[in-house]
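Consider the two complexes below, in which chain A is the common component and chain B and chain C are the respective partners.
Now for the complex of A and B:
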């Protein structure tokens, strides 16, 4: 059913997920967003593009999630006055996305009072000048500039006995780079300010140099730990554009791979979370299970992390009867082992002590910040795109959505356990019901200007790809969106009032992607 | 506690000298162990620097720490500061926003300053290539001793790369 928005006429976007789009002027665009915010909807993504070659200035797209599905609201932004209404007052998650849109395209969000909510750059650290915008079409991808001095202004916290600890971008340990600035009193965290963007490597610009088909490989490398989710979301968007319908078998295999990615990541996280609570035993057990699963991936699908197995039109792997038997056996064994581990984790006094009430994200804050995925489910919001709106083949499996109300580290551990169990069950059901059919179908033509959306619930949360075809099968614009955009600001909230030594544990319990949001 | 012991007993020791998929690992591990001991007389200290990866290569570095690979047993440890590192393990193409941090880390590392670049990205920029935001391969920014291809390279290949770097340094 088509959602209704005041003064907006929505047109369907064809593809595997329910989605609509419409163009609106600034007042109606803002009013429609407000309507969605008040009705309990949320902002999934925001990006800008350069449409000057079409004579329509720039464009800002707000992708909203309403009950019925996705709504992409597009706003024309005049070339000579590249400003548009701020959405951060409605959806706090918009703040960083709007800053990124300025860094890359040069369009500014303005508050009704006429000021810029936060004029600081987000992805631009000095690798290109303030008046150059990489995603404008006349910006040469290969262009380089002398590095400018990076003078980022962190927010100062004043007060007696307040100390600042800057950490990063290079961290101790194998973690992606980012900067954390802690303001502390004694051992207590008063405030955390994150600064990201260190891994910005020009992914969105790179897409525009690739054909639509070649973009799939790049999409699978936006956040390596979610390569399956990205590859699927990208394929979904391109299949929407070309009208291709992957076979039931290909869809089943995709879901199988996505669930394997989910289990692998949850196992790894559960191991590290135990490790951070001085339960080295937990680390050893979970990483052994994970390594077994990765090796089975290599043996059966040809890649430990399943990169490039999902391709537009279908999949590039298959399972025969022997493979299916092995996978079912593995799922049953893992279920037993996980049960044993769950009972150890849930009964381990030291672990409970460290995790209960630590790093709490309240259901209210989670809703206000528009948090998604695993973190949202651990804070009382049972959202999961596999269950609602549901996309094929999950509509046949009625996946159970895990959730918890406490929003602390312990809740995020519980949700991981529950999801891993459900994921193992799903793998068995998928394998039992695997239909016959071709692995891949031809894509068909991609008319210039055609638009497609992909929306997949990865292990961390929803991964979204918005794709627009250019001339001759090329990519005009691709915006891949990681759930970490929404969830990084939530980490800043979750740490408040905790002690400094608990930060690594809290951070790990969210386990957000840097590369996925730095692009 | 009883459950914990039961699980340990049930699983036993999984560290393997020769996992089936990587028959070469046994030889690599043995050589690495010998070379590290001979050359350093103590554990080889490694500092990992992510200069802009997709985080796929990190997954394999994490996997190296799983009980299957028994890194510590091979005389390898990961250290928190470049000042204590013999070798830098660098992943990713070098993002322009990480260029300076990578250079600084390299400068802070004492001799012999071995550098192993990990993954197709570290070798030649991979899918990201060179652009306004990416400097491409690691060798465009700091000297590299060994580059390990793969997307991502397997734990065994990463170990092989480390061994090659240490070996070359000993010979040189």
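Now for the complex of A and C:
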């Protein structure tokens, strides 16, 4: 059923997920977004592109999630006045996306009063000048610039006894770079401000230099822990463009790989969460379980993290009867081990004391900030793209959506356990119902200007790929969107009022991607 | 007791403690690894790590004052002195009369003050954070420690460690309920003072959660090696103090060279058990929220006071 938006005529986007798109002028664009916001919809992604070669200036796309599916609203932004209406007042998550859109394409969001909501750069750290915009088509990707000093203005908290702790981007552990600026009184956190973008590597620019098929490999490298989700989302978008329909077997195998990625990450996170409470026993056990799973991945699918196993048109791996038996056996064994670990974690007074009420993201704040994925489910919002709208093959398996109302670290632990159990069950069901069919089908032609969307529920949350074909099978524009865009700002809220030494635990309970949002 | 024998004992014990302390650390780490189903590192790893650090060039912050350079030596000296006061193998220690249990707590406090000052000296936020937390823990741990020691002092009628241990070790077996309370309190103080779980996590890499490690983040090379060594000696001193007070049997009496081999064996067995026990405790417990540390140490203080009251109530 086509969603209805005031003064907007939606055209369907062909593909595996229900999606529509429309072009609108600034007033209608903003009004339609407001309508969606008031109706309980949310902003999934926002990006800009350079369309001057077509004579239409720039373009800003707002991808909205409504009850029926995805709606991509496109706005033409004139070349001589590259400004568009600000959406951050409707969707707080838009703030950073708008700043990134300015850094990359040079289009500014303006509030009705005519000012810029937050003029600070987001992805630009002085690696290119203020008046250069890497995603404009006349920007030379190989060019170099003199580096500037990055003078980022953090928000100052003032008052008696308030002081700042800067942490990162270089950390003591082997983790991705990000800067956290804490304003504290004693041990109490008054405010956290994140500064990300240290891992910006020009992925969106790189896509435009690749063919549509080669882009699949790049998509799988956007965030290594979600390589399956990204590869699938990209394949989904490209299959929508070319009209290819992967076989039921290929789809089943994709779901199998996605669930294995989910279990592997949940195991790793549960181990780390124990470790951050100094319960090294949990760390050792969960990481042994994860390692066994990764080794089985290597043995059966040829890659520990399943990179490049999903390709446009299908998959590049298969499971024979012996392999299926091994996987079912592994799933059953993991279920038992996970049960034992769950009872240890749930009954460990010290661990529970550290986690309960720590880093609480209230359901209200989660809704207001547009939080997605695991973090949203742990804060009372049972959203999961596998269940609703449900994309093939999940529509046949009716996956159970785990959720919890408390929104604290303990709730995110519970959701991880429940999802891991459900994921192991799904793996068995998928293997039982694995149909016969070709691993890969030919893609067919990609008409120039054709648009496709991929929407996959990765372990962290929804991974979205918006893809537009260029001439001769090239990529005109590809915007991959990580759930971390929505959830990083939520972390800033979840830590307020907690104590400094609990921050690493809260941060780990979200475990957001740096690479996925820095692009 | 001739003076020369006494001095020989004293020197022997001091040297023994300094050389053997990292081995205890290695043993605790080994037990922890076993309890976590991990392959254990070598017993000698702490020695290798220190040897490596001694061969490196020290990096010192531009703004560091001489205090920052001096502190590792002060720490090492304090811990060595503390280990010289605690009767480890024998109760005949000529240095011991110079300092009683109160002075011993003072020596630990001196080390604490220096490490906190050095942490704040270079002005990084982590140093200040660690120093603040260390003082919070320290000012609660010290009274609990003193109360524990006083309980033992009341039983033996002296605050001299050698006298206390002599009294407790070389007389008819007697059950002291007060000592039982004191022993539990002492164990809790030992965990807090040595930056062990549940108060601090010696293996963490998370800067924001650190207490002791946050204070020494800026140290490198020989300075870091000396601090690590001092940490090992401190743990050794605490453990041997606990053993001397609560399980003193087997310790050599004044000038008794013949009892020394037995004392060494007894100490080795006791330390091995204590190290394994510490590792077990650390594997079972999660780290407490920082603001529960005061409650933990208040409980230790309460137990120590109960122990002392028990002494007067039941005369034992």
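Criterion: the second predicted complex is superposed on the first by the 519 of 519 C-alpha atoms of A that agree within 3 Å, B and C clash if a C-alpha of one lies under 4 Å from a C-alpha of the other, contacts with A are read in each partner's own complex, and residues count from 1 in each chain.
One rule holds for everything that comes next: a residue touches a chain if its C-beta (ideal position, glycine included) is under 8 Å from a C-beta of that chain, and two chains touch if they have at least 3 such contacts.
It should be emphasised that the depicted structure is a prediction, and the values quoted were computed from it without experimental measurement.
By the touch criterion stated above, A:353 is placed in contact with chain C alone, chain B being left untouched. Contacts of A:224 after superposition on the shared chain: chain B is touched, whereas chain C is not. Using the contact criterion defined above for the overlaid structures, shared-chain residue A:40 touches neither chain B nor chain C, since it reaches no partner. In the superposed model, A:302 lies in contact with neither chain B nor chain C. Of the two partners chain B and chain C, more chain A residues are in touch with B.
Once the two complexes are overlaid on the shared chain, A:173 sits against chain B and chain C alike.
By the document's definition of touching, neither partner reaches A:497: not chain B, not chain C. Legend: residue contacts after superposition of the two complexes on their common chain; A:78 is shown touching neither chain B nor chain C. By the touch criterion stated above, A:288 is placed in contact with chain B and with chain C alike.
Residue contacts after overlaying the shared chain place A:444 against neither chain B nor chain C.
Overlap of the chain B and chain C interfaces on chain A: residues 172-173, 281, 284-285, 288, 348. Contacts from chain B toward chain A in the complex involve residues 3-4, 6-8, 11, 14, 19, 21, 48-63, 65-68, 78, 80-81, 92-93, 95-101, 105, 126-134, 151-152, 154. Those residues of chain C whose C-beta lies close enough to touch chain A in the complex are 32, 35-38, 125-126, 129, 133, 197-198, 201, 203-209, 217, 282-283, 285-292.
Remark: chain A residues 163-167, 171-173, 187, 274, 276-281, 283-285, 288, 348, 350-351, 353-354, 499-504 touch chain C in the complex. Taken in their complex, chain A has these residues touching chain B: 125-128, 134, 139-145, 147, 169-170, 172-177, 197-203, 205-206, 217-218, 221-225, 227, 268, 281, 284-285, 287-288, 290-291, 294-295, 298-299, 304-305, 307, 340-341, 343-344, 347-348, 513-515, 518.
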